[in-house]
Amino acid sequence: MDKKKPKKVFVQGAIPPEKIANSVANHQSKTNIGAHSIFLGQIRADEVEGKTVTAIDYTAYEEMAENVFHEIREAAFAKFDITCAHIYHSLGKVNVGELCLFVFTSSAHRKIAIEATNFFVEEIKAKVPVFGKEIFEDETHQWKVNGRHYT
Amino acid sequence: MDKKKPKKVFVQGAIPPEKIANSVANHQSKTNIGAHSIFLGQIRADEVEGKTVTAIDYTAYEEMAENVFHEIREAAFAKFDITCAHIYHSLGKVNVGELCLFVFTSSAHRKIAIEATNFFVEEIKAKVPVFGKEIFEDETHQWKVNGRHYT
Amino acid sequence: MKVTVKYFGLVAEAAEKSEEVLELNGELTAMELKSQCLNSLAIADKESVQIAVNQNLDDTITLKDGDEVALLPPFAGG
Amino acid sequence: MKVTVKYFGLVAEAAEKSEEVLELNGELTAMELKSQCLNSLAIADKESVQIAVNQNLDDTITLKDGDEVALLPPFAGG
């Protein structure tokens, strides 16, 4: 089953916008699809005590993270009548303005695709062991925590 | 105000996937954005009494439609703390597998972007005078009605 | 008085026209004009057709000279 | 018995290492090992660090020879 095949989620560095166009183009032959829902996470130039974030350096407990991504996929396919689902997450340094997360689900019907994308985004933030070092312009850093800025 | 400027929503024919990549790339300099939410409508090969849809030919009461799109934008900016919002809708013939609607919103925070995109999609379907002729493989047709297949 | 009537989608198909200018005598509401225009047309669900007067969907409006009226079948955008 | 301990994010930074193999004597739960590993580290919020044993976040597990243990600071994916 295509949908059950484990897929590699992590990509090195930022996710290029062309990847989104390519992913969409690859689904134009699937004529049972009526709706695509896409979520993109972009690195914000947050200010913390007068210093500005210039990049986030992502690391992960990779083996566990890939397994958790896979479990989230399985749960999503059990819960929602989606045709396809793709997730990509950056590892390594991603600069401000660049993309670090790309979630893409497709379904015959819009509400299903939209709900499935939301499910993926919330599950990823809550359950995947990914760590983010926010790097400031002066080369100092702090560790990002989900829910602190990003709600 | 950039956000208040009326923008042309209608495009002739299908929306190419590259348009999505270009739109995303154009927002990488806006470093207060943390999340993009995108919805894409794709033409489905629906079967109706044994015949298969091969394309939808869209027409609109264009002047009214552009005004309604503008009102929906104003309402969205009043309701949600979004940075940007873009909508594109096809006119003319769009083949099965091609894209007819592209909604793109951006915000500092993911929930706002996601809710704003949902708002746009629901409002567009309910309020914009766009008409769709579903063309079957044998050249016959029927008129599409929102809510009949597309819920 | 003159009003311009625009036809869209399945209404335009049934009417075999997309626009016409009508010469009206006396007071007429949007709803009355809609009935008059749809009366002779082969449309299964006339209830589902909305009428806009100068882009306003209120069908209780009384028409006046120069109005642009549109007969709109169910919306199918998105 | 031996367990491999992996350190991530701010825990790896504070520990100045990403992995080590520990030789343990006697029975130890995941929670006890976590306390032992974090004890000497300069980490403000030790409560927020989770421990996974063979990718399982249950910290009541009793460790056994060959386990892979990971010390995980708050997640920041997405």
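Labels for the chains are A, B, C and D, by order of writing; each one numbers its residues from 1.
Just so we're on the same page, a residue touches a chain if its C-beta (ideal position, glycine included) is under 8 Å from a C-beta of that chain, and two chains touch if they have at least 3 such contacts.
Chains and their UniProt names: A, B = Molybdopterin synthase catalytic subunit; C, D = Molybdopterin synthase sulfur carrier subunit.
Because the structure is a prediction, the values reported are computed rather than measured.
Under the touch definition stated at the top, subunit A and subunit C share these contacting partners: B.
Mean C-alpha positions place subunit B and subunit C at a centre distance of 26 Å. Averaged C-alpha coordinates put the centre of subunit C at 73 Å from the centre of subunit D. Rounded to whole angstrom, the centroid-to-centroid distance between subunit A and subunit B, based on C-alpha atoms, equals 23 Å. Centres computed as Cα averages put subunit B at a distance of 49 Å from subunit D. Annotation for subunit C: residues touching 2 or more other chains are 78. Residues of subunit A found to touch two or more other chains are 41, 110, 121, 150. Of all possible chain pairs, the ones that touch are A-B, A-D, B-C. For subunit A in complex with subunit B, the residues that touch the partner chain are 17-18, 20-22, 24-25, 27-45, 96-99, 106, 108-111, 113-114, 117-118, 121, 150-151.
Put simply, subunit B touches subunit C in their complex at residues 41, 56, 58-61, 63-65, 67, 89, 100-101, 121, 124-133, 143-146, 150. Considering their complex, residues 6, 8-10, 13, 48, 52, 55, 70, 72-78 of subunit D touch subunit A.
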